[in-house]
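What follows is subunit A paired twice: with subunit B in the first complex and subunit C in the second.
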Partner chain A sequence: MSMRQLWEGTDARPWAREINGRTKLIVLFLYAILMITIDNPRSLFILFMLTLLLHLAAGTSFYKWKVMAVLLMLGLWGSMVSQALFFSQIPRTPLFVLISLDTPVLGAVTGGLFIYREGILYGAVQGLRAATMLSLGLLVCWTSDPRQLLNALLAWHLPPQVAFMLVTAIRFLPVLAAETGEIITALQLRSDTQRGRTAIIQHIPYIAKPLLARCLRRAQTLALSVVSRGFFSAKVSQVRQSWRTLEKAGCFAFCLFTLAVVGSKICYVLSEQGFYFGMFRKLYDISKLYL
Partner chain B sequence: MRNFIVCLVTLLLSLAGVQAFAGQQMEAVYPYSLEKREIRTVTGHSTLPLFINLTSFDVPRMQEAEVSVRLPEGFSALPKEGWQVRPGSASAHWSLDADYAQNFDLLYIQADEAAVSGSKQMEVTVTGEDWNEKKTISFAYDAAGETLEQPQEKSKKVDRKKFNWYIQSVTLPVDPFGHRDERAENGVVYVRDTTLEGFRNRMKGDGATNWSAVFNHPAAFLLLDMRNPQRDIRVLRFKAQLLDRVTGQVVEGLVTAGKTDHEAGEGWAGKTGEEAETTALISLDGKKTQAFVLPLYVDYFKVLEGEYTLRITVDGGGQQKIQEVPLTIAKKHSLGLLAVGFAFFCFLIMLGLLLRLKKCVFSIGAKGAITVALFAAISFGGIALPSTILGDLVHALLGPFSGLITGLLSGIMQYLLIVSLLVLYRKPGVLTLLYVIKFMLSGIMFGHFSPIGVLSTSVYIVVTEALLWLSGFFRKEELDPKYMFCVAVLLGLGDALITFVNLEQMMFFYRLYYADWFLTMYMVVNGLLYSSIGSWIGFRTGTKLRQVVSE
Partner chain C sequence: MLHIDDVSYRYESRDAWTLKHVSLRMEQGEMVLLAGRSGCGKSTLIKIISGLVSEDGHGTLEGRIILDGQDITRWSPEQIGLLAGTVYQSPDDQLFAMTVEDETGFALENQGMDSEQIRREVAETLRRVGLAGYEKSSIHQLSGGQRQRLALASILITKPRQLILDEPVSQMNPQGVQSFMELLLDLNRNENISILMIEHRVNELARYFKRLAVMKDGELLYDGDIEQAWPFLTDKQDLGLREPQTVKLGRELHLSELTSDSEKALSLICRECEIERQAGKAAVFSPEGSPLVRAEGVRFRYPGVKEDTLHGLDFVLLEGQITALMGFNGAGKSTLLNMLGGLTDPTGGRLLLDGIPVRKALGQVGYLLQESDLMLLADTVTEELSWKNPEMTPEKTEAMLERLHLTEYAQDFPLALSKGQRLRVVLGAMLAKEPRLLLLDEPTTGQDETSLSEIRKLLLDFRNKGGSVFICTHDIELASRIADRVILLEQGRILADGPADVVLSDRNLLLQSGLTVPVVLDISEKLGIPPCVSEKEVIRYVHAAAVGRD
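Up next is the complex of A and B:
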C-alpha cells in the first residue's frame, strides 16, 4: 500500500463513508473535549476502546491497523518515557538513575534525573488521551474523502476564498511532494561527494529555496488562470451531502452528553475549592467515581 | 555644695537600703496549671508538674544552690535532665547569676499505684551558701477520683503509666478555630502555587516577595483531639511529618515556621526549613479532653503533589504517642490556568482577526492567496506530516528530548517559511491566513480538530502577529539586515513564549508533568534559538525569492 493510499478513505465500509462530514467533525471535536475533561483511567480506557471498536465496525484494513498500532505504541511509549522522567507526585519509586544529584552541573540543574515506576503507569494512563484522539482522527481520515470534510467546513460558512486556498493546498500536496523528490535528485546528482549522493539529510537545507521558487512561479501561473476565469471571486462549487436527521439528533445528543460531563466536572472541581452545594451531591459522586 | 552632700548621702542610704533587701525568693507550686488555674486535688495516678521558681536579686556574685524535693509516699518524680531522681525525692544543682537571676523548672510528679487517698505534703528546699528557703505544699490526693475508662481484659493487667494521655483523633483541614468545613474534602490539603508569587506581589504594588512571610503562613490547620484520662498537666512536643506511603520514609514537604522571637525554645523551635517536619509545643491543662488547632507549614519549593501518610508524633515525659492519617496534597496550578486563560484570550482575538481574513485575501490578491496556500501545503507536508509520523518514532527513542530534533523542522523550517512569505507579502493577516490553512489541512487530512489545536494555533497567530506589528515590520519601508536580525530575535523570544504557553496547556489539559529545567531548555533551544535561526534564514531566502516574484 502506497503512502497516498494509506491516507485515503476509500476502502472503509459504506456506512462509515456515508456519514456526513459535519457529523464526523462534531464528534471528533466533542470527543476531544471529553478526553481533556475525564480523569478516571477506566473511563479513559473505555473511550479509547470505543474508538478501536469503531475502527472494527468501519472495516479498517489490516495494513492500516498495523500502521495505527505502531503509531499508538510509539505515542504511548513516548508519554510513558516522559512521565517516568518527570513524574512529580508522591509516592514515586526510582527504578534507574540517569543523572545523579552528585553529577557536576547537570545534577544541580536537573535536580537529578530518575525513571520513576509510578510515572510509567501514569504516563500510560495520560497517554490514552492522545492515543484516543489519534485513533479517532485516523478513523475520520480513513473513512472520509477530503472533499467531504471541506464540504462540511463550507456548510459552516467558510469564506469561499479560504476554501479555494484550502483546495489548492490539498490538490498541490502530491505535486509539491513530487517536486521535492526532483530537487533532491538534482541535488544528489550535483553533489561532488560519494556519500552526499545518497544521504538525503545532507541536502535538506538546500531544498527550501528551489522549492519555494517553484511555488512562486506556480502561484503566478495559477493566479493568471484563476483570475482570468473569474474563479477567485466566485463561490467554490460544492456537492452538498445531505445531513440526515438521525445524524443531527445523534450530534445533538452527544453535544448534550459532553456538556453534562463538562458541567459535572466543573461542579466537582468547584466543590473542591469550597463552592459546595448539597443538591449536587449525586453529581459529585458520579464525577468522583467515573470522571 | 550643700545640695551635693545631701544628694550623696541620699544615694548612699538608698544603696544601703537595696543591699539590705538583697536576697532570694522561692516559689513552688504543685499541681501547677499552665493556665494558672488553682488545682487543689490530684486525681488517680496522674502526672502533674511541680513548678519551682527561684529569684535572686542584688547579690553581686554568682551563687550555687541545691534544690531538693521530698515527695509524699506513693509519689515519684519522672526522670529529667539536670535532676537526680531517687525514690521519694529529687534534687538538682542550680547556678544563680550575679545581681539578678531567675531560675525555674518544671518537674513532673507521678502518683504511683501505691499512693493512697488523703491529704499529702510535699517539701521543696533550696539551700545556698548562707541561706535556706523552704516551702511545704499541701494537697489532696484522690486515688479513685479518675481512672482510665478503658475496657480491660481480666487476665491482662494494663500498665497505667502508658495511658496518661493519648491521641484520640486527627482531623484536617480545619479552619483556624478548629471548625471542620464539610464542603472541603477530608484529608486533602490544597497548596498555593507560588510560581507567580513575585509577579503577583509586584503587580499588587507590594514590592519584592517576603518569602519569610509566605513560609510563615500556614498551609492548613489540623485539629488534634487529645484524651487525658488522668488529667495530666504537662508540656508536650508535637511533630508532623509526611511519609511516603510505599516506603514509609519521611519525605520533604513540611517545615517548621521561623522563631517568633529571639529566645530559643519559645513558641516555634528551630529555623525554617531545617527539618522536614512541622513542630510545636502543646500543653495539657488537666482536662479529660482537649483539642488543639495546630498549623501545618509547607515548603512551597519542595512539596510535591500526591498521596502521603501524615504522621503525628506527640511526646513528653518519656512517653510517645503516634498516629498516622492519610493525607493528599494537591497543588493549585495557577500557572497552567494562566496559560489556558491566555490561550483563550488569544482565541478571542483570533476570532476578530478571522473576520478580517477576507479583506487580507483581497489585499494580497489571487497570486498572494495561492502563494500562501502553497506555502501552507509545504508547511503541512514538510513539517506537520513528518512531525506526526517521524515525531512519534523520535519521541519513542529520545522521549522528552525528541523536541530538540523535531524542533529543527517546527522551529527552523517553520520560521523560514513564515519570514520568507512575509518578506514577499508584508501585510497583517498573511501569517493568520497561513496558520489557518495549515490547521485546516491538518484537520482534514489527519482529523486533528481539537480544542488544544485551536487554542495552540490561536496563541501562535496572536503572539507572532502582535510582535510583528509592535516591531513596526508592516510599516517599515526597507528591510535591512540589522533590523531583520532584531526581528528574528524578537520572533525567537515570541516563540519561546508560545512554547511555554503551549507546554503549560498540554500539562493542564493532559495532566502531564514537565520539570522546570525542561521547560526552560525547550523555550531556549526550541523557541529562541531555532526560531531565530529560522527567521534569519527566512529573511535571506525571502530576499532571494523577491527576484522570482519580479520576473
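Up next is the complex of A and C:
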C-alpha cells in the first residue's frame, strides 16, 4: 500500500462508508466530551477498545492497523513516560530511582529523578484519552469521503466556504502523504552526508516549505474547480445524502448517554464540594466506580 | 459561440496590464489551440472566461466576453460553469471526491438533481469518456490519463457548450496524449462542443487543430489557420512553441511552404530538394569514455510482490555520454533510476560506480526527480544552489547563476519562479555538486521550447566536460537531439541498447516500447534515405539547393 492509499477512505467496508457524515461527526464530538469527562482508567480503556472494535468491523486494512498501532503506541508511551518522570502532584510514590539525590552534581542539579507510580497512571489516562480520539479520528478519516463530511457540515448550515476549508484538509491527506514521501526522497538525494541519505528525522524541518507551496497551488486550483461546478451556490437540501432514522435514533441515544454521563459527573464533583443529596447516592457510587 | 471582445485586464497589485486588447472569436464546434510562453497571460484569459477574475476580484477588467450570445463578463463562475467547463493541468488538484462516481456527479448534486437521475447521468458521462465500469473505483487507483478523463467527465456532465482546457496533456506520455486528444475530437465531432486548449506542445497537437492562437506579453500575436502560422513564427523563436518536426525540417530546407502535414512536406521535399541517397551516414556511436557505472545482473523485486520488476540487467554507462532510458510506463525505468540514485539496493546482482556500490557513492550522483518542485527547499535561488554544498563559494554561485541565466533572480524565492526557471534552479543545484553521473526523470514535462533549449545546453555542457547523463524520457525529439545512446526497457528487460540514431530509427522497436514513431522517420523511409529521427539527420541527405523554390 502506498503512502497515498494509506490516507484514503475508499477501502473500508460499505456499511462504514455509507454512514452519514453527520452521524460520524456527532459520534466524534460526543466521544470527545466523554473523554474529557471520564477519569476512570477502566472506562477509558473500554471506550478505547470500542474504537478498535469499530476499526475491526469497518475492515481497516492490515497496513493501516500497523500505522495506527505505531501512532497509538508512541502517544501512549510518550505520555506515560513523561508523566512518570515529571509527575508533580502529591502524593506520589517512587517506583524506581534513576538519579539519586546523593549522585554528585546530577543529583543536586536535577533534584533526583524518579519513576512515579501515580505518574504512570496519570500518563496512561491522558494517553488513553489521546489514543481514543486518534483512533476514532482515523476511523472517520478512513471511512469517509470528504464530500460526505462536507455535506454534513452544509446540512448544519455552516457557510459553504467554511465547510470547504474544513474538509479540504481530508481531501488532501492522501496527496500530502505521497508528497511528503517524495520530499523526504528529495532531501535524501540532496543530502551531503551518508547519514543524511538514510535519516528521515533530520530532514523534517525542511519538509514544510515545498509542501506548503504545493498546497497553496493545489488549494487554489481545487477552489476554482469546485466554484465552477457550482459548489458555493449548491441547493443543499435536495441532494445531500439522506440521514437514516436508525442513525438519527443512534445519535440521539448516544447524545442522551453522554448527557447522563456528564450530568452524573457534575453531580459527583458537586458532592465532593459539599453539595450532597442523599437521593443521588446511587449516582455518586456509579460515578465514583466508572467515571 | 465564444467571443472575447477587446479584453484587457490588470491585477490590482501590478502596474502593467496582464492582458492587452485581446480579441478572439470562436464559432460553435470550433477547436482552437492557444499557445505562448509561461506568463504571457494565457491563464489569466482562461480565468476571465471562467468568471474567476472580474472587477469584483480586485483587478480592472475591460472589454466583453460573449458566450452563447450572452454577455457573461460579469457573471458568476457558477453561472458560467453551466455553459463553459474548465479542465486544469493536474487532475490531482481539481478532483474533490474520493470515488469516480462521486466526482462525476458532484456538479449535478450541487444543482440539486435527484440522486437516481444523477446516477444515470454519471453512468452515461463515464461511458462517453471511456471510464464505464470504474464508478466505484478510488480516484487514486486511476492512471494519470484516466484521472484527466475523469476531470473532463466531471465537467461534461453539465453538458457545457464550450470546453476550456489548461495544459491538460502536459504531464501525459505520447500514448496518453493521443488517446485524450481522440476523445476530445470525438466530443467535438459528435456533440459539437467548442474546445479552447492551452498547450506548449504544438508539435504533438498541431494535427488535431485547424486554428492556432499565439499570445505574447498579454497580446494576441497570431490568430488564424494553423498551417499559415508557421511562416509567421519563423523569426519568433522566443515564443517558446515546440513546432512540429516537419515545420522545422521545412525551415532547414527552405521549402516554399511550411507545413505540419507529413505527406505535404514529403511532396514538397521531393519537388524542391536534391536527395543524396548515398551520402555518408554520421559517425556511428562508439563508446570512448571510460566506464563509470557497471550493472551486472541487476534484479529488483518490490516487497510483497511475486515477480521481479527488473530481470537481471547488464549495462555499462560511460563517462562523457548521454544515455536515454525509454519505454512503456511500468517497464521499470523509475525503479532503475532510484537504484542508480542510491535510494534502493538491487535485490540481486551488482550496481557499481567506479567499483563501489552506487549507494555508497555519495556526492557522485545527482538525481533530478520528475516533480522537481519538491526538491526546492531554500528561500532564495542563491541559497538553493549552495544548499548542503560546502564547496560552493560566492564566486562559484555567481558563475552558476550566469550559466543558468538566473542572475537577475538570485534573491528570488525559487518556488515563485516560472516552471522552466524552477527546473533550472534544481538542475543548477545538482550540477553545483559536480556529480559524475546525472540522473533526470522526465525533465521535459510541461516545459516550453525556450526552457528545453536551456536544459539541452546545460546537459550537453555537462557531458562535454566528462559527465555522464542518464535521462528517463518519453520525448523522442529530446532523445534524438541530445542522447548518444538509447536503452529501451520492456517489462524489466533491456529490449535494445545502442546508438541513439540506430535504436530510435527502428520502427518496430519504437512501437514495441510504446513510443510514437517520429514523423521524420516516416519521411526518411519514403524518401528512400537511411532512417532518420531528427531534422538534422535528414538534411545530411536532402539539400536545399534545388529547383522551384522562391
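Definition applied: the second predicted complex is superposed on the first by the 183 of 291 C-alpha atoms of A that agree within 3 Å, B and C clash if a C-alpha of one lies under 4 Å from a C-alpha of the other, contacts with A are read in each partner's own complex, and residues count from 1 in each chain.
The definition used in the following text is that a residue touches a chain if its C-beta (ideal position, glycine included) is under 8 Å from a C-beta of that chain, and two chains touch if they have at least 3 such contacts.
Since we're looking at a predicted model, the values are computed, not measured.
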| item | value |
| --- | --- |
| Touched partner set for A:Arg229, first subunit B, second subunit C, both or neither | second |
| Partner chain in contact with A:Gln188 - subunit B first, subunit C second, else both or neither | second |
| Subunit A residues touched - subunit C or subunit B, whichever exceeds | B |
| Which superposed partner A:Leu139 touches (first subunit B, second subunit C, both, neither) | first |
| Touched partner set for A:Pro159, first subunit B, second subunit C, both or neither | first |
| Partner chain(s) touched by A:Ser271 [first = subunit B, second = subunit C, both, neither] | first |
| Touched partner set for A:Lys209, first subunit B, second subunit C, both or neither | both |
| Subunit B versus subunit C as contact partner of A:Arg218, first or second or both or neither | both |
| Which superposed partner A:Thr103 touches (first subunit B, second subunit C, both, neither) | neither |
| Shared subunit A contacts, counted only where both subunit B and subunit C touch the same residue | 146, 209, 213, 217-218, 222, 226-227, 232 |
| Parts of subunit B lying in touch with subunit A, wherever the complex brings them together | 181-185, 188, 190, 242, 244-247, 251, 253, 304-308, 329-330, 357-358, 361-362, 365-367, 369-378, 380-382, 389, 392-393, 395-396, 399-400, 402, 413, 416-417, 420, 424, 433, 436-437, 440-441, 443-452, 509-515, 517-518, 541, 544-545, 548-549, 551 |
| Of subunit C, residues touching subunit A in the complex | 47, 50-52, 76-78, 80-82, 85-86, 88, 90, 92-99, 102, 106-115, 118, 138, 140, 154-155, 158, 341-343, 359-360, 362-363, 366-367, 369, 371, 373-377, 387-390, 415, 429 |
| Complex interface listing, subunit A residues touching subunit B | 7, 24-25, 28-29, 32-33, 36, 39, 71, 73-75, 77-79, 81-83, 85-93, 109-111, 119, 126, 129-130, 133, 136-141, 146, 149-150, 153, 159, 161-162, 164-166, 168-170, 172-173, 176-177, 180, 208-209, 211-213, 215-220, 222-223, 226-227, 232, 271-276 |
| Residues of subunit A touching subunit C in the complex | 4-5, 8-11, 145-147, 171, 174-175, 179, 182-183, 185-194, 196-197, 206, 209-210, 213-214, 217-218, 221-222, 224-240 |
